[in-house]
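Labels run A, B, C and D following the written order; every chain starts at residue 1.
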Amino acid sequence: MEKIISIMGWETVKTIVGLVGVLIFVVFNALILTWAERKVAGHMQRRIGPKEVGPFGLIQPIADAIKLLGKEILTPREVDRPLYWLAPVLIFVPVLVSFVVIPFDASLQVRDMNAGILVILAFSSLSVLSILMAGWGSNNKYALIGAIRSVAQNIAYEIPLLLALLPVIMMANSFSLKAIVEAQQGLWFVVCQPIAFFIYFIAAVAETNRTPFDLPEAESELVAGYHTEYSGMRFALFFLAEYTNIFIVSAIAVTFFLGGYQGPFLPGIVWFLLKSYCLVFVIIWLRWTYPRVRFDQLLNLSWKALIPLAFINLLVTGGLLKL
Amino acid sequence: MLAGLGVTIRAMFQPVVTSQYPRQLLAISPRFRGHIKLLADADNPDKNGCIACGICVRNCPSGSIKDIEGEKREGEKRKTATSYRLDFTTCSQCGICVETCPSNAIDFSADYNPAGFKREDFHYDLVKEFEKRKKSS
Amino acid sequence: MLDLARANSIWPMTFGLACCAIEMMSTAMSRFDLDRFGAGVFRATPRQADLMIVTGTVTRKMAPVLTRLYEQMPSPKWVIAMGNCAISGGPFVFEGQYNVIEGVDLLVPVDVYVPGCPPRPEGLLEGFLKLEEKITGKRRFPGPDSRW
Amino acid sequence: MVEKIKAELGAALGGVEIRETEYRERGYHLSCEASPGELLKAARFFDECGFYLAAIVCVDYREYLELVYIFANHSALCKTKVTLKLDPAKPAAPTLSAIFDCAYWHEREIREFYGVLFDGHPNLTYLFLHEGIDAYPLRKEQVLLADEDKKALGAFRPEEGEDTFFVNLGPQHPSTHGVLRVVLKMDGEYIQSAEPVLGYLHRMHEKMAENRSYLQFLPNPSRMDYLGAMSFNLGHVTAVERLCGIAVPDRANCVRVIATELNRISSHLLWLGAYLADLGALTPFLFVFDDREQINDVLEAVTGSRLTYCYFRFGGLYNDVDEAFIAGTKAFIERMRGRFGLYEKLVGGNVIFINRTRGIGVIEKERARKYAVSGPVLRGAGIAMDMRKAEPCAAYSEMDFDIPVGTRGDALDMYRVRVREMGTALDIIEQALARLPDGPVMAEKVPKKLKPPKGDLYHTVETPRGELGIYIVSDESDRPYRMKWRVPSFSNLMIFPELARGNLLADAVAILGSLDLVIPEIDR
């Protein structure tokens, strides 16, 4: 062990161990979230949700995963093979990278980069690429429309997302996520930046393609959107990425606005996960309450409402800080 | 907007309305129209009440009832069915046979959850089923 | 193990044809809650579904579509014929009929038959349990009470 | 009104004999036999008078084919039957599609089923049937399709242009609630044209009707429209009772009203849930099913079935209601009144929902008339027309209720009309419960074999989706000679291509949903 450390250097080993940990966490998180989503949805609809598979249906997501693994690997005849194969793999990269910089606790962070948030934002834009690849490669009209919608939507909502985070960065004077958390020692940024939080949250829901902004996979219009032609394990990867993304946007929200891992009595990681899953719950809650917006309304909301609002908020923050 | 969220969160803490089949069974209404069965004769509970007249065969909209045969036993005025075949897979559970039966020998069973691996599982011989029921009771 | 997982995670395709589709929906709804068995994830695309529930009459015009959808599903896949129309053409079979397929098993292999017109949701649930029985080889739940 | 139309129509046609008929027996007030030229004149006359074309029926009398046109009016009760005789060897008639838009669809149907050629019709291609069928199905004697007929019928082929492509909405598609296929010609996300392709669930009900006795046809109507099974059942039995002159006891009539209205609520509830599911909200779908289960419990306890009730019989009911039914219905009314507020909070007051539906799929009054739409769609367009008021059957004439109408004719109005209609249905049930008389539920002298006197009848009832017209021709046998079902969903679907044109794909789904289509009813 010491030999390995001495050869590769402490930092590298830490990163590798961290990555493995992240992988495990990603899978675990997706399992928990699918179960929680079905359970929450069930109770909101006054039914039980998964129950018969394991105690409280807890084994349900594992059964789903094993089943998806065991499905026939099916490649439709008319797809563009390289794109079709690459897309589900590629959607996973940004997800993993994002985890590297998120501070779960004061000491629990794979790598604290001083440009942490930039890494996340840069890589999360990549997921658009893989969705586009999936849509284009599937050679299916529904998938293509879904992909195009997704691109337009992600680009439109990336801007308010970024603009909502900027005031916080200005206030914390750092791009490092850890520094931002530390800056909220006394007061959470959500208190002085409620508008930014609000904008960020809406944009985040839109970024993760969740109802009421789930147009790329609008079931009643586009069957299943960009992953219409995907089955078995490849579909599972999309599924996994979707749920991980939900967690990531919640985690960033917690880091930026809700004081990250800080909190009394309990250890930091507990606080962090607690806050994150609360936000995840809100996202699930929204999904099971609201209908879907229309495409033009979606873009209008971003370009005509959220972006100007975010700009004004940014200006006001800048002005106040200067004073 | 927010009112909608209130509705769903309240629903979340209300008790569920699920009836957990097969662990809990709903009460099936006595008038439930399942497939049909033969009833016992009013005077003689040992034999079925069907007199093999064939009215139900003629009236059935989809020809689900077939091959009714009967025999006249000694000392009896009317025939008794020895074979009564129902193809439940074409039945529409309308109840015309029950209504038109002159000897009131047909009634709906409360068999509410049939499922099987073959089509032929649901081709019943009601006389045989009647005998089976008689034995088991 | 794999069979157990498969049997407990049967994702049906939303494939409503006629009257029975309403009862299929009822089965998925609060009162009967198909999701208890992990089967409540209705997928709109055949690529992600494990089970096709044929709920209603299959006409000759629909038959090619149905076979194509079945072929698009990745194996292992199952079919439940729900309702008398799907099993045998039901009440719509008569002499001189020109448009109804007399049983969906003439088109695709059917695993479980649920008769009725329409079957009660319990019938469909029982069909799911029968399917589980078929996949795993044993029955996990209390047996069906026959109420002749 | 009838006198006036008789005189004016007579003047417009010049010399054609216009007979006054007994409305109570026939379901229409005036009838006349026209030549092709006179038919066109008559159609133009009715168009100018603000009538709508309720139905076109073709009847094969072996020696000749007869086209029956029923014209009716939204504001006053005045129905006219115009008939046109055709040569069975080479049937041809002028098209009315230029005058009444709905004729375009009825004529396509008749072309397929009888082989009647309509001169000047723009698109006589397959609508219900397909290449695999060799003969005209509804002709009394087998008439095979000639090769050129098949070719002409199969001429519809979608062609993609440079900037456009086609999207098939259906036949297996989550938003079509069944097996409707709409071929959408798209320019990006915008729809250039929409072409419904029907018949994926064509179950030959009309053919079956001719092959069965009246009694044996009883289970079929509930299968046509499984959501409004009671209304279709009601339409069928009241039509046959009217034809045979059977009087139904009061109690049965009252129960019929209660059962039909309960079923109407359950149908509207399902529409509400399915519509919201189309728009992406799934939870209301489960909430409405919760309410529906309450109705099902009440109805199952008395009818024995959850969906295809088949409860009304000629002359009365299948069986009597009991105290438990009355108590259950009262409890349901109580519960349902409280649920409206919840739906208003969850759906009606939601900004996203309002934005998705306001101004979408607007139907003007004039267009509604040209397409002969009916039911909540027509009332949403602002025309207060309800067959329960206009031509009451059962005990509807004794009920006091108002007809909710919309103001803009958009999808939001359809929603509001349907929700308010649930409220009026509750009122009707309460009134019917209050005056539920004692007595038998079955008329005394109903013959085992019904053999109605010779003649025809056009009978209408209001189903949850609109005007159901049943045209029966009796030849004194125990089977109907011809039984045509003028179904509301078919008429409501006709308007869809025009509404969808130029809209977004997402709007098309919203519009299609707002029309509340039940596909087996369209396909029959």
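Just so we're on the same page, contacts are C-beta pairs under 8 Å (C-beta built on N, C-alpha and C of every residue); 3 or more make two chains touch, one makes a residue touch a chain.
Computed from a predicted structure; not experimentally measured.
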Larger contact count among A-B and B-C belongs to B-C
Between subunit A and subunit B, centroid-to-centroid distance (C-alpha), Å:
54
Taking each chain's centre as the mean of its CA atoms, how far is subunit B from subunit C in angstrom?
22
In whole angstrom, what separates the CA-based centres of subunit B and subunit D?
33
Subunit A to subunit C: how many Å between their CA centres?
36
Two or more other chains in contact with one residue: find those residues in subunit C.
29-31, 33, 36, 44, 91-92, 94, 117, 120, 141
Using the touch definition from the top, which residues of subunit A touch two or more other chains?
42, 44-48, 51, 219, 223, 288-290
By residue number and range, which residues of subunit B touch two or more other chains?
4, 7-8, 11, 16-18, 20, 61, 92-93
How are the chains arranged in terms of who touches whom: line, ring, star, complete or other?
complete
In the complex of these two chains, what residues of subunit C are touching subunit A?
1-2, 4-6, 8-9, 29-31, 33, 35-38, 40-41, 43-45, 47-48, 50, 72, 74-76, 140-141
Subunit D residues within the subunit A interface of the complex:
165-167, 173-175, 189, 276-283, 286-287, 290, 346, 350, 352-353, 355-356, 504-507, 509
In the complex, subunit D residues that touch subunit B
212, 215-220, 223, 283, 287, 290, 293, 300-305, 308, 310, 313, 318-319, 342, 345-347, 349-352, 448
Within the complex, which stretch of subunit A touches subunit B?
40, 42-48, 51, 285-286, 288-290
Which of the residues in subunit D come into contact with subunit C in the complex?
129-130, 132-133, 135, 137, 171-174, 177-179, 199-204, 207-208, 211-212, 219-220, 223, 226-227, 270, 285-286, 289-290, 292-293, 296, 306-308, 520
